[in-house]
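In the two assemblies presented below, subunit A is common to both, partnered first by subunit B and then by subunit C.
Up next, the complex of A and B:
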């Protein structure tokens, strides 16, 4: 298949969503990026791979979302001086991905103008690249203290407030540098990467079955989304047919994960406005929800439930009744809380107009997932590409226009109700049959999985080596695109509102630090 | 100075020091109950104080003596405030030493020192907290003064003991000016005691806090004194509010025996007051920081209206 009149043939992968892959040259690399911008497509991910051990070379890959699906273009690079044309001037979200690719594999984006490290925190030297074949990732280096060049804001009365990476509460580490005048935020700059654990390096050499457990641990709150995306990638390698019942159960797990996270976020958002009653109520509901998860699926957060080829277990016989009763209770409890949220003037005053991202800005910056749908976006993989079982159960995507914290609260309520409805519908129409089909990973193949997690689209790109073990597995979290947008959402707001704005996005540190 | 006066004065200070944390524990308990949570024990604040007094104090290298003495000054100010506020009896030997204006001054003194101490360390959060504390303070203090003045106008005295004595023993009448001033006083108390909707005493989100940001660098016995002082402040504000607006049951100079009755009356009034505070904190969310000036301006305006009502209606 050809796209945008570019002279290269895209081959469709054997995935349930339309994912196309093609090799491009440097000119086509740029043409493709420009064409995607023209049709208002988005950059999903950018990463590098080293195939020299398998007789190949360096390859940089970019994945774009457009109306036809996911376009995965890869460009072979020189092995001595691996350089590729910069695309950050077209997609602002590419900036950090390009810097990460430089830190991990040493590929340089020509003309990006930003050569600061992103994931490398002085734990390894500038000329060492953990994802290159000759390195094991086990090397030890003396930490060298280097200064990170934050952008300085100059002016009368401007001062900086550094926050983190160690915070007063128990949250993940990240550094936030605010430049403020009084209470007003002029600029926020993030410094992430404190949770870099070398997950992508750890994948190398694992069998695809072992990799499933690791993929489920990239970001704990999205374990189902990652496990499904990974399983989809493995299945696309071998064109494995996943039994229908397994697909339905996977969707049930994904929706239950979404509901648990939305419940937690809504409570935390209320708490950030010092509305403690919301936290207490939503925490109680979430806890009930997780306990039923443990009873029906054996794990509170649903870890290790999905494996390549299907799912691990069928819920016990009485589970269906229990799940259905719980959704009914949940619908009435959440409706009640929603009306409290809606009618609480003090709370609404905190939420409305706070941290606004206009639909126009959201499009320009490449906002994705839940946050994009709160800013007028409609993209939702479940609706757009309707893979099994979403194509069968009339999924209705939700959208809000205002793009403020209130909109992100409302979209969570809307998605909560839709997911509760979906989980009932999935149970109603649960097909009979096996829940697992054996899969084998063929040698030297490439596959990808793409799933709408609760935060946004999760992408897993998988490549196998000569014996069918993993040679490269790239896990992409939607937080990559959304973190930079948070910097814009805070501008012009007051410092004291930052926790609320941050929580309304609730982005993953672990998922982007890898 | 009479013997009974000395007894009541001592009793007042001892009661305040001993039972102020109990009021904090009571409010926290009701907050938890109203949110459907299981509550911490009533004695939790005492356990906290005990723990903190037994811990070492860590002081930053850059700290000047101001940082070290601030907790003692703040604590002393609050203890003195509890001494001059007529909670049990109006026959207080310390009362002539400080009137309503001095009371506001004592609160201001404590505020200045805790803010100086917060800036002394040089961290961005301390400065942030100090700035916000001053924003709250410069609006809350005039409002508090106006509230006390409208009570003074009714009784023709700025001495708290005299005000309360005349109010408590005046023939029962409804003063519209006092009703309006009572609302203003409630607003000011919420702001001054770092309660919702102005500040959140339970928060640990470093960017939103006011009072917690000021004391972020304190630990050990310093922190214990500040926590204790915060309890005393809440206790003092509650007692002043009760004495001004619900003065019944307070003993006066001539009836020392009523003192014995005054203690259970005070406890009952504080218990109800604590419940109401917890209720206010449960049904409200925290307002945006730039709404705080509006909130306190409203309090000031209400206090001025109370004065005008008194001047115009004479009641």
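Up next, the complex of A and C:
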């Protein structure tokens, strides 16, 4: 298939969502990026791979989302001077991804104005690239700590507040540098990468079955989304047919993960806006939810339930009854809490207009997932590409216009109800039959999986080596897109509202640090 | 307001009985035969440090704050600074980028400086192991009193691990308490 009149043939992968892959040259690389901007498509991910050990070379990949699906373009690079044309001037979200590709495989984006490292701090030197074939990932270094060039804001009365990496609460580590005048935030600059633990290097050499456990631990709060995207990638390269029942159970797990996260966030958001009762109520509901997860699926957070070819286990006999009863209880409890939220003037006062991202800015910056749907977006893979079982159960995407914390609260309520409804529908129509089909990963093939997790689109791109083991597995978290947008959301707000605004996005540090 | 009160009244008190400490997880195998909760006569202050987790362990530590576990009621609170902490609760394999921050946090913590490593990653390095980017288990970086296995360990296990560390550090209190009973 061809797209945008560009002279290269995209081949469709054997995946349940439309994913197309093509080799491009440097000119087509740029043409494609520009065309995607024109049709208001978005960059999903950018990453690099070293195939020299398998007789290939260096390749940089970019994946774009457009109305027809996901376009995965790869460009071969020179093995001595691996450089490719910058796309961050077209997609601001590419900036950090390009810097990460430089840190991990040593590919340079030509024409990018920002050559600061991103994932590399002081654990390894500038000329070591963990994903290059000649390195094992087991090397140890002790380079001197280098200064990171934060952007300085000058002016009368401007001062800086550095926060982190270790934060005050039970939160993941990251560094935030605020430039403020009085109480007002003029600028926020993030520095992430503290949790980088070499996940992508760890994948190399694992069997595809072993890889499933690791993929499920890229970001623990999205373990189902990752496990499904990963399994889909394996199935796409091995052309496996996943039994229907397994697809339905996967969706049930994914919706239960979404519900658990939304329950947790709504409680935390109420609490950050000084409404402690919300935390007590929602955290109790969340605990109930996780306990039923443990009873029906054997794990509170649903880790390791999805595996390539299907799911690990069928819920016990009495599960259907238990799950249905719980959905009913949850719908009434959440409805009641929603009306308390809506009618609480003091709470609304903290939420409305706080941390606003207009629909226009959201599109320009490439905001994605849940947060994008709170800023006028409608994109949701479950609706747009209705893969099984979403095409069968009449999923309705939710959207909010205001782009403020209140909108991100409201979208969570709306999605909670929709996911509760979906869970019931999935149970009603749960097909009979096997829950797993054997998969064998062939040698030297490429696959991809793409799933709408609770936070947004999770993408897994997988490549096998000469014996069918993993040669490259790239996991993309939607937080890559949304972290930079958070820097904009706080501008003009008071410093004291940062925790609330931050929580309303609730982005993953682990998922982007890898 | 009426609705809020109604909701609270209807929910009632859901707090469950406190668990037994998981003495078998103490890195020090000292035997303690006593009711340990009496030890928490004063509030135990915990500083949580995520040194590189997948964030799954944080979800379960956060769950300890829900009304079922009611840890504040047991006299345990999470504090914002290591200087106010009796205990560090550390998750993850320690990423090399967090190594210094973790050491500094440890140095800033006053005695008794209890350390509980949470999760398979904290115990052994877990699935991430050691590499150019990961130091592996927490005890590769700072001394650990109790290591709680699980991926992630459920809140009740984390609580048992916390209690086990407290028992280990106050063996005298326990025997005194046991005698007075």
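The rule is short, and it goes like this: the second predicted complex is superposed on the first by the 513 of 514 C-alpha atoms of A that agree within 3 Å, B and C clash if a C-alpha of one lies under 4 Å from a C-alpha of the other, contacts with A are read in each partner's own complex, and residues count from 1 in each chain.
Criterion: contacts are C-beta pairs under 8 Å (C-beta built on N, C-alpha and C of every residue); 3 or more make two chains touch, one makes a residue touch a chain.
Given the structure is predicted, the values throughout are model-derived calculations rather than measurements.
Enquirer: If you stack the two complexes on chain A, which partner ends up touching A:122: first (subunit B), second (subunit C), both, or neither?
Expert: After superposing on A, A:122 lies in contact with subunit C but is clear of subunit B.
Enquirer: In the overlay, answer first, second, both or neither for which of subunit B and subunit C A:438 touches.
Expert: Neither partner.
Enquirer: Tell me which partner A:509 touches in the superposition: subunit B (first), subunit C (second), both or neither.
Expert: It touches subunit C, and subunit B stays clear.
Enquirer: Touch test for A:277: subunit B only (first), subunit C only (second), both, or neither?
Expert: Both: A:277 reaches subunit B and subunit C.
Enquirer: Taking the superposition as given, does A:169 touch the first partner, subunit B, the second, subunit C, both, or neither?
Expert: In the superposition, A:169 contacts both subunit B and subunit C.
Enquirer: Can A:183 be said to touch subunit B (first), subunit C (second), both, or neither?
Expert: first
Enquirer: Once chain A of both complexes is superposed, is A:5 in touch with subunit B (first), subunit C (second), both, or neither?
Expert: neither
Enquirer: Between subunit B (first) and subunit C (second), which, if any, makes contact with A:160: first, second, both or neither?
Expert: A:160 contacts subunit B only, not subunit C.
Enquirer: In the overlay, answer first, second, both or neither for which of subunit B and subunit C A:350 touches.
Expert: Only subunit B; A:350 stays clear of subunit C.
Enquirer: Who contacts more of subunit A, subunit B or subunit C?
Expert: Comparing subunit B with subunit C, the partner touching more subunit A residues is C.
Enquirer: Mind sorting out which residues of subunit A both subunit B and subunit C touch, each in its own complex?
Expert: Dual-contact residues (subunit A): 168-169, 277, 279-281, 284, 344.
Enquirer: Taking the touch rule as given, give the residues of subunit A at its contact with subunit C in the complex, in rising order.
Expert: Those in contact with subunit C are residues 121-124, 128, 130, 135, 137-141, 165-166, 168-173, 193-199, 201-202, 213-214, 217-221, 223, 264, 277, 279-281, 283-284, 286-287, 290, 294, 300-301, 303, 336-337, 339-340, 343-344, 508-510, 513.
Enquirer: Residue numbers of subunit C touching subunit A in their complex, please.
Expert: Touch list, subunit C to subunit A: 3-4, 7-8, 11, 14, 48-63, 65-68, 78, 80-81, 92-93, 95-98, 101, 105, 126-134, 151-152, 154.
Enquirer: Which stretch or stretches of subunit B touch subunit A in the complex?
Expert: 31, 34-37, 124-125, 128, 131, 196-197, 200, 202-208, 216, 281-291
Enquirer: Per the contact definition, I'd like the list of subunit A residues that touch subunit B in the complex.
Expert: Those residues of subunit A that touch subunit B are 159-163, 167-169, 182-183, 270, 272-277, 279-281, 284, 344, 346-347, 349-350, 494-499.
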